[in-house]
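One chain, subunit A, appears in both complexes that follow, with subunit B as partner in the first and subunit C in the second.
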Partner chain A sequence: MAAQETTIDRGAHPAVLAYLCIAMLVLLLMMVFGALMRMEQAEFIAMGPMWFYELMTLHGAGMVGVAGIAGIAILWHFLGQYVRLSAPVFVANLVLFVAGVAMILAAVLGGNFHGGWTFLHPLPSKSMGTWSPNAAALFLGGMLVIGTGFLLLHLDIARAILAREGGFGRALGWPQLFGRAETAPPPPTIVAATMATIVNLIGIVAGAAILSMMLVNLYFPDFGVDALLAKNLIYFFGHVFINATIYMAVIAVYEILPRYTQRPWKANRVFLASWTASTVLVLFIYPHHLLMDFAMPKWMLVMGHVVGYLNTFPILVVTAYGGLMLVYRSGIRWDMASGLLFVSLFGWSAGVMPAFIDGTIPVNYVMHNTLWVPGHFHTYLLLGMMTMVFGFLYYIGKSAREMRERLVDRAAFAVFVVATLGFTLSFLSSGRSGAARRYAVHLPEWVPYDRIASVFAVLVVAAVAVFATRFLLRLPAASVDAPRATLAGSMT
Partner chain B sequence: MSRRLADGHAPAHRPRIAGPPWRPLAIALPVALATPWMRGWLESSMSLHMLVQMPLLAAAGFAAAMALPARSREAIALCVGGALPCLLVASLASMFWMIPRALDLALSEPTLEAAKFVTLPLLVGAPLALAWPRLGMLGRGFVWTNFASMLAVLGWLYRASPLRACNAYPVSDQREAGEWLIFLAIATFVGWLATLFAAPSSRQRMR
Partner chain C sequence: MQDTAWFISLTLMGLLLAVFVFVWSQSSVREEDFTPLQKRAYRLRARLFWALVLTLGPAMLYNLIDLPYAAADARERDAQVIDAVGHQWYWQLSRNEVRAGEPVLFRVTSADVNHGFGVYDTGSRLVAQTQAMPGYTNVLRHTFAQPGKYRVLCLEYCGLVHHNMIAEIDVVEARGAAKE
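This part shows the complex of A and B:
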């Protein structure tokens, strides 16, 4: 404990701060787009379906991108304290990300592409004249450019991990898990980074293949793409990528909460087993998005159902339980960082439950195309994944252990938690009452839910604006090595 | 924070492993492939032509370059501008030989057939051998992942093509070649990923 008390928390590399600044700015913009979409459904504003679907496409693609770069910024910051990572490759990923985002913005705002972030085949090539093949190609090309950046970065992460651990098996702690190795297991950060790297490498290669096929098909339609195969590949890539964002962001919980509580987060056998299980399961879970596709082979649907159930728990339970045990009677001093990180565990736990329910085939038939599913992933991503990012922002922005937090921050914290719960419960309630997903115009009986959701959405945007502003104001302190974590029991 | 960079796991012991017999391979492979019987057999179907004969020709060039002393390989690689030009030449040359028209011409024009036997070893295999040691994990990983995804796309193109792409081979051959390409793409990627799970000594051997 004495050693930890004298520990200086490392300041963020300028590139990490660049990642986080871009992530927060894009996040706020996409949140405004999301709020506008809910207001359109609530009939508070009237932008028309064309704009609605364009914003929906940008909101989806943008949020996945934000989750990706924010998650990998956290991973890079902490993993860099164990292995030697390449800063030029990290910067190259950001440059490619910005270039890809510019292509996507041009495709949507300039070319009117509005086929959704899932760009399901054959929609991009069959726009009925509402967008050109060039606009669709720009969107798909943007995705490919972003994927290339992440591929390079994950290869560099793999290189660095292998240089320290020797192989992915050792980095996942297999000698300790399956053998009788006496050596210490790898730290949780390395285990999580290895898992995210393995699954993302597989997902990105599949994504590159389907994006290239669809690009060819745009200009040479005679080269037909099997729509079901395309859907499988897109959901495989997309689901793995978005899942990996939370597995990267959770590193903030593994690294920061132990500093606050002065208790180490141990990579014990249960921990290692859960991460190994999820490394496999996350690759086979995506068919739960295809349960309504009658042409899918039955065994794949059964697999999606079963794996969907199984993958809900290992890491989540280990992390949530581990977090509770870490905090219990530790005398933790709650501040914005520790509070947000703790809430994120609740957001993650609560967020997976609607997916668990929706992954049950008879439920899926009636719920999957309703707002129930956006209710699930908004809880999971906003109150889970992004809350981990907000916790990290407050942690890295601290210049001393004992920093008085302003009332506005504490108010923003409370508003954020309450409004996000209200916002996501509005989605879930709409879904329960049958409100269709991805509809610009809602039936009159769905509109009250939309109105409640719109109010909560505005409150969420306001709270996140406070988080982002505070982070930007504290940028100079964020790059300095300093004791940051308020130590458990250090104040009376 | 206590276990950081300085106290990473001890590097694993790496036993010295004898490399493949490059020189015999460099001589035997092209000679064997040039025999009329082998040519006739390997060019009898699109799959054998594209996925066995051509890679083996490239492998002969790879073996020939690897048979050179390391210092000579280094000197040549430096002279041609490093790893990147070598990779570019190898990809452009292999792309040319993936065009169905090139396959047709190799079967109908003896000059093109001879060009295939010269260019695949010299412009694909040898440059790869020169570039490979200069590529780190990042470069090699990028090559393998791109190779796998583009091989899958190529396989799809052959399968999905509405036209018979080669005069020399029926459509059924074309589809079969496409399926093999997709299989190879998956096998290549899975094989590469599996090497990353292995201990360093095994990974060294697999290179």
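This part shows the complex of A and C:
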């Protein structure tokens, strides 16, 4: 196997670094909020329900935002090596994100809004006097501003992809998948970016539609909004957006692991088929959030159940398996970047297991909205998606002079993996025992799980604080073009 | 059901962990020629794909057999009916005593925001649920196997006192059992 053309890895654009710095700072703050929530449930502290639900609202909205900007920063960094993207649009999205975050913080901390990040209609307009319509409007408006930024950026990404490939079908490799095209398929990064862009364009428009309707309803209650329609639109938008963050972040795996292993990640037919399937599945899976809404058309609920099973195939059989194939007997030199990216594939695929089981209707009947749900999504988002981001941070922050990490990095890595597993398993076991999610005060029988989870949560925050600090300290090296991947065994 | 979900999840996650650890343990040596390894891996992947189809497919279909969406039918005209209305932050139940061993139809709706109607047994195990949504009535059918005090907890976040929105249902002995 010949070495790849170059071992020089492109440094990050200053705007990418700005994205990642803001993402890590907000992430740490939101993780502290999350740990405080678990400690409140564990009765280690006593902040009271108002603070709990305010922090819960910030934690949810903040984490979705962090995943969004970190994921799209990775996409932009790597996609920019294939297509011409607009830096001003990229920066505009970050400006709108910060403005939206400021609005959300003002709504929650200044206006006591605590309607949850999912802002299910009509809760924002029916607070029993605990927040004002203006506070709700500030929160919904903040979400709308953030969504608008992402919409603009995805439009620019779509423009750039279309300019190179000539169509979304070509960018997904359909001529190679369905036809007899002899030409090379698009690189995995373009395929993944196209999928994320297609689903997010549709999802964000749906989200913006319901946010606009709810904003009008806040001040003109006669403008009625059907609660079930609102729920469909919110979960469609929410599911698509948060799922797209994983499909954006996994680009780091596609790009970096081949450099380490000196083996190509080919966009072959199976790969292309799986990404086309994922494009469809992500758009049609959202009814699994509404399985306990018996008023929904039954066929939609059955669809949510079936698509949940189908959705495991591309993740397990293509991406996770592809990563394992690349690493197996590769002579890879393990460091923080390669180690975290490898673990991220485990985190994503492991989280999918309790997730598809939760999407099974008879299981959902006794586990929906228990702590089983944060159990599975923290597995694939924290040990999957965010671990891809951490791997990217270590990769991009690496300078040519510093090819080995320090003991503190390795210790943080070990603590992070073990504590995240302990943290997520605590959630899952709480869900098994019926502990309801989004409760400021837990029943006495649920508290022991909360106490164990609190300890793991603090350890996770400490480990991520090390990741973030090390990234910030190595920031100057991150914008320099340099060889970052430690090459596999016999290639050096 | 919860225990089954837990053990299957742990088993599958454990299997994945074992595979990742195995690959990691085999990663230090380098097989220089990737092509033959790739061919072997693709063959194995085809088998893995079919193994997944043959295990997940039947599981997916089997779990569609008995869905909780059946509304009241002719056989259940005599079922015990409880009209449940969610309010911020309490449950309004048309009655709170039913007999064990006979089906109960909960007609669940909301007077204000979304709530979740979650029925917990005497051991704090969640046994049934549906959403309570303004403008819609969800019919939940459940037969209590054992007498005792059951609790209804709110399972959809509905504001400041969400965690304290609890009602009780007394499930008394079945008719036959009372005569005995």
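Just so it is clear, the second predicted complex is superposed on the first by the 480 of 492 C-alpha atoms of A that agree within 3 Å, B and C clash if a C-alpha of one lies under 4 Å from a C-alpha of the other, contacts with A are read in each partner's own complex, and residues count from 1 in each chain.
The rule is short, and it goes like this: a contact is a pair of C-beta atoms (placed from the backbone, for glycine too) under 8 Å apart; a residue touches a chain by one contact, two chains touch by 3 or more.
Only a predicted model underlies this, so the values are computations on that prediction, with no experimental measurement involved.
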item	value
First (subunit B), second (subunit C), both or neither touched by A:Ser349	second
First, second, both or neither for A:Gly110, with subunit B first and subunit C second	neither
First (subunit B), second (subunit C), both or neither touched by A:Ile202	first
Which superposed partner A:Pro14 touches (first subunit B, second subunit C, both, neither)	neither
When both partners are placed on the shared chain, which of subunit B and subunit C touches more of subunit A	C
Contacts of A:Pro476 with subunit B and subunit C, given as first, second, both or neither	neither
Subunit B versus subunit C as contact partner of A:Pro297, first or second or both or neither	neither
Subunit C-contacting residues of subunit A that also contact subunit B	none
Residue ranges of subunit C in contact with subunit A within the complex	1-6, 8-9, 12-13, 16-17, 19-20, 23-24, 26-35, 37-38, 41, 45, 48-49, 52, 56-57, 59-60, 63-64, 66-69, 71, 88-89, 112-114, 116, 118, 120, 124-131, 133-140, 153-164
Residue ranges of subunit B touching subunit A (in the complex, touch as defined)	1-5, 8-9, 11-12, 136-138, 141-142, 145-146, 148-150, 152-153, 156-157, 160-162, 185, 189, 193, 196-200, 203
Complex contacts: residues of subunit A adjacent to subunit B	3-4, 7, 81-84, 86, 89, 151-152, 155-156, 158-159, 162, 164-170, 183-184, 186-187, 198, 201-202, 204-206, 208-209, 212-213, 216, 222-225, 259
Parts of subunit A lying in touch with subunit C, wherever the complex brings them together	1, 49-50, 53, 114-116, 118, 120, 122-123, 126-128, 130, 226-228, 231, 263, 270, 292-295, 298, 301-302, 305-306, 309, 312-313, 316-317, 320-321, 324-325, 327-332, 334, 342, 345-346, 349-350, 353-354, 357-358, 360-363, 365-370, 372, 428-429, 431-434, 436, 438-443, 445, 488-490
